[in-house]
Amino acid sequence: MKTLLADALTIAGKDLRNEWKSKQTIGMMIIFSSLVILIFSFAFDPTNNTVKAIIPGLIWVITIFAGLLGLNRSFIAENENDSLTGLKVAPIDPSSIFLGKVLTNLVLVTTVQIISIPMLFLLFDYRFHGQIIWFLLIVLIATIGFIVIGTFLAALAANAKNSEMLLPVLLLPLLSPLMIAAVQATRIVLEQEGIADAISWLQLMVGYDLLFFAACFFLFEFLMEGS
Amino acid sequence: MKTLLADALTIAGKDLRNEWKSKQTIGMMIIFSSLVILIFSFAFDPTNNTVKAIIPGLIWVITIFAGLLGLNRSFIAENENDSLTGLKVAPIDPSSIFLGKVLTNLVLVTTVQIISIPMLFLLFDYRFHGQIIWFLLIVLIATIGFIVIGTFLAALAANAKNSEMLLPVLLLPLLSPLMIAAVQATRIVLEQEGIADAISWLQLMVGYDLLFFAACFFLFEFLMEGS
Amino acid sequence: MLELKNITKVIGDKLILRNFSLTLARGESVAVIGPNGAGKSTFFKLAVGLMQPTSGEIHLNQAQIKKKSLLLQKKIGYLGHESFLYNALTPRENLVFYGKLYKVKNIEEKVANLLKEVGLHYFKDIPIRSFSRGMMQRLAIARVLLADPEYLFLDEPHTGLDQEAVSLLNRLIEERQREGIGILLISHDFEQVVSVCERVLVLNKGRIIEERQIDSEEGLMPFKNWYEAVVSGK
Amino acid sequence: MLELKNITKVIGDKLILRNFSLTLARGESVAVIGPNGAGKSTFFKLAVGLMQPTSGEIHLNQAQIKKKSLLLQKKIGYLGHESFLYNALTPRENLVFYGKLYKVKNIEEKVANLLKEVGLHYFKDIPIRSFSRGMMQRLAIARVLLADPEYLFLDEPHTGLDQEAVSLLNRLIEERQREGIGILLISHDFEQVVSVCERVLVLNKGRIIEERQIDSEEGLMPFKNWYEAVVSGK
Amino acid sequence: MKQPSMLMDRVMYALLVPAMFISLYLIFIWSPIEKQMGASQKIFYFHVGTAWVAFLAFFVVGYYCVLTLKKPTESRFINAGISAEIGVIFTTITLISGMIWGKSAWNTWWTWEPRLVTVLILLFIYIAYLFIRKMDGAWERIAKLSAVFGIIGCINVPIVFMAIRWWNTKLHPVVFGEGKNQSGGGVEPEMLLTLLFSLGTITLLYVFLMRKGIEIEKMRLTVKKAKSKVIEKLAS
């Protein structure tokens, strides 16, 4: 168990240090999320007042689409020189690869959110009403669920030749309950004072996170096994 | 000139026949576009009446996101066994590769639109008011522009390791004038009777198409040249 | 007659080929050997038009070739490190596709003959995705021969092939040579070099440092020793 | 002592290995040769745990190994067709990363020594993206040696290497063998097989069809003739 | 081995054809016409039947996925795939019949009502599963990957349903309950009987299609194996 965590940290450390050197993935994710905001502002006319009602939705649309880019990368990058096989033959538990990648992706997507969500508020001139701590909690919990299932499916999709197309097709349907919960909870917490109305959504998300984390953690082994 | 067209048709024929056999790319594009609609419906509360105002925008958001998947594929698929080099050393004009790929992508994206736009109308229970012929014309012209510049940039991005991330980052900014024109023209033609108000947008799009087609057609050679 | 005159190639700020000259007559077979990174593959890419030389000229049958020339490309068959084939297509479809691009007459008939020649006749309607490395290489060779090129540029064609495939390849090369095709071969496998080629160039650090005829009776060991002497000491 | 007993492997509906048995003692070096698609690489993948055998057992020092075993993986060093290295990292970082995963003690010191040994000392802080094929292969070899494996599985390690790199590799293999490491080598290059190995297995269509000692004085040609007779006629 | 299964098919076929005619008779002639919706309510019997089979097929997929993970065998792999394919067809029929009905009952093709959206998502999960099966590679590998996805997908279905229900009841707390009682499935005994009979028929149809699909798939595999064997012989 301890070595499992240590190995996961080693793998995440390698990926993050790499990313820190090049800043390619994170940079493109941030630019992409800004571009999505841009596209939306053309498509939906931001001066229109009703558009502010869609801010909670936009937060998650941006997170998911920018996140997809990063998730795709995380296992495709391991195809170069077939280094994933290198990890498979190393004396480590396959689950530590999963943990390591979840960690990396979590850091990447959270960083993107830290930049793109304030930008969204700014560009659409949105005034924040709710309590920031609850907002952050909801964003974090939903993001964790997204990353867990996303990383798992990215590993699955990476086996296909056209994995960059396959990933969204696999991920988006499975993500829908989380999406609904996240958008609703975000809306409630942005518009109202308390968290009371969002509690059941929060519970749903926590349940989703735990359930899928457990399932993915144990099934990941099968993804790494050769035939 | 005649052989240029013939070669383009040979290349497009090869791609389309391939696609016809597997139906993978087109299938995933269609599913992806439906999933985007689904995600949007969760994000933006479809029972809300104001959402109908964003239908014109949604048409283009869907086209662009689903199109990006196909565009990405069109040159990445040629990396397998390095077959793009096979085309480069063949006695054909490089522009015919461009034309062939534009043709393929146009067929793919138009097919996706034929399915996803009616579905969009259906799912959001949108009642069509304008004249269908003008609507189709606008969609076609904007799609051509999108495909021309998209194919060109896909060829450029394919040189990078992380091309699937690079393409949207390159494409979306260049696409913004076309996007604005397309959304505005679509909105006008969907809501009003005539085409009169949309004429100037239409002119802009036609100009954009011609300009970028000429530019991409002549510059494509440089993309295919080795260093 | 294909002539490369004083070709120099700089990529980035690295001088990869300097003052490279070579004449290849039809019916001749020449090997290019040298250590890793000597510039052998780069020279091929220049010759087939995948790169432009920084300076120098290429002449085909006394006429100078400028930039990307369809004429030159049609006359040269290039077998690279990769096969250039489409995995989703069958051998027949692959060859027909390239045949159309090369404006080959009588494509169907020619493809059928070629597939027989390389021993893939029975597999002609199976997508090549499932082919083994050896079968793939055979098809790649068929692709190169399809357009009846006047010059063949083969970049390490023997890698990964087993003994049977190697001898098939050598037989094909020799046949074409007798038909008057000029052949250039890059290889690290000196056994094949000695058995296939008549002349050899040694390339090191972008320069031709030695050139000589090969005596096929001479045997492998003396050739190896000669090569080592040339590359290291001189 | 590593024993594979009656290994059979079916992929899809294709019988790739049948009843394959092999015993590898420490300090022994064995070559596995055979035509393309004989199942050589598949056998390696089974042994290193990348695939599970359909039937049969693997024993390490008399203890049976079940499914994915960290113990087995730590004792085996596997050099595949690919290098398993990260292009964005430097040689040092690559080795340190793998060293951590293999729980190597004294990583930094060991890495420094290994890099010297394979001749990459001066390049230790340059991302390997720009390395030539030969340099990459050297680093891949260093990666395999890093964890002090008891058995080395090398799948065509000589492909694409020039003469100098080949002799470096052979020297390293021999050194480790003297230190008591068991070595398995797949190669199509019989020259290397003869110069490195003591025993040879011939694999054809998933079956071991012949096994014998190699007499290093015997020379290349007799060995080749023997191989051809074994594979074709028999 | 072959004989009993042929016999079984015959028996099923002999049962299925009359059952279909009987249910058609029950639906269109015997059962009364619903007062509020009129003849368009007839679609109800197909609609509910196919919806039931869509879910059934999905759980059959899930079941075979778990088995496949335990020990991959070719027949488990094939069963899961055929069930998924039939599931896609029935889900599509549910959607289309529901839409047609919706047009006449609610005067809209589509509304974002929980059951509808759940079915739509179910369809997407099925399709995603089929895409994984289409990947190229050895079947053991594909079997494992698709089984893993099938399991995750199965876990997801109840959560999807729950989430969507909450989502919508927040907005229209009445829609769901209202729809349920309105058509009054339980009120008229003839209707109930007709419904039960057509449910049985459609389930039988599913089982029959499964058997046929599996048989055809296995034949296809046999032919493929024989073909590759012949080619290999000829070539060597």
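Note that the chains are named A, B, C, D and E in the order they appear, and that numbering of residues resets to 1 at the start of each chain.
Keep in mind that, in the parts below, a residue touches a chain if its C-beta (ideal position, glycine included) is under 8 Å from a C-beta of that chain, and two chains touch if they have at least 3 such contacts.
Please read these numbers as outputs of a predicted model, since none were measured by experiment.
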Least hop count linking chain C to chain E through chains in contact: 1
Common touching chains of chain D and chain B: A, C, E
Copy pair chain C, chain D: interface residue numbering same or different (half cut): same
Copies chain A and chain B - rotation angle from C-alpha fit, nearest 5 degrees: 180
Chain pair bearing the highest count of C-beta contacts: A-B
Per Cα centroids, the chain farthest from chain A: C
Rounded Å distance, chain A centre to chain C centre (Cα mean): 48
Distance between chain centroids, defined by C-alpha means - chain A, chain D (Å): 39
Chain centre separation (chain C, chain D; CA means) in Å: 31
Whole-Å separation of chain centres (CA-atom averages), chain B against chain E: 34
Residues of chain A whose C-beta touches two or more other chains: 80, 161, 166, 169, 172-173, 176, 180, 225-227
Junction residues of chain E - those touching two or more other chains: 121, 124, 127-128, 131, 136, 138, 140, 167
Shared interface positions of chain C, touching two or more other chains: none
Touching pairs - complete list by chain label: A-B, A-D, A-E, B-C, B-E, C-D, C-E, D-E
Footprint of chain C on chain B - complex, ascending: 3, 7, 10-11, 14, 17-18, 21-22, 80-83, 85-94, 221, 225-227
List of chain E residues in touch with chain B within their complex: 99, 108-112, 117, 120-121, 124, 127-128, 131, 134, 167, 171-172
Partner chain E, residues of chain D touching it in the complex: 11-13
Residue ranges of chain B touching chain A (in the complex, touch as defined): 24-25, 28-29, 31-32, 35-36, 38-40, 42-45, 48, 50, 53-54, 56-58, 60-61, 64-65, 69, 72-73, 76, 80, 161-162, 164-166, 168-169, 172-173, 176, 179-180, 183
Residue numbers on chain D that touch chain A, as the complex places them: 11, 45, 48-52, 68, 70-71, 73-74, 76, 78, 80-89, 93, 97-98, 100-103, 143
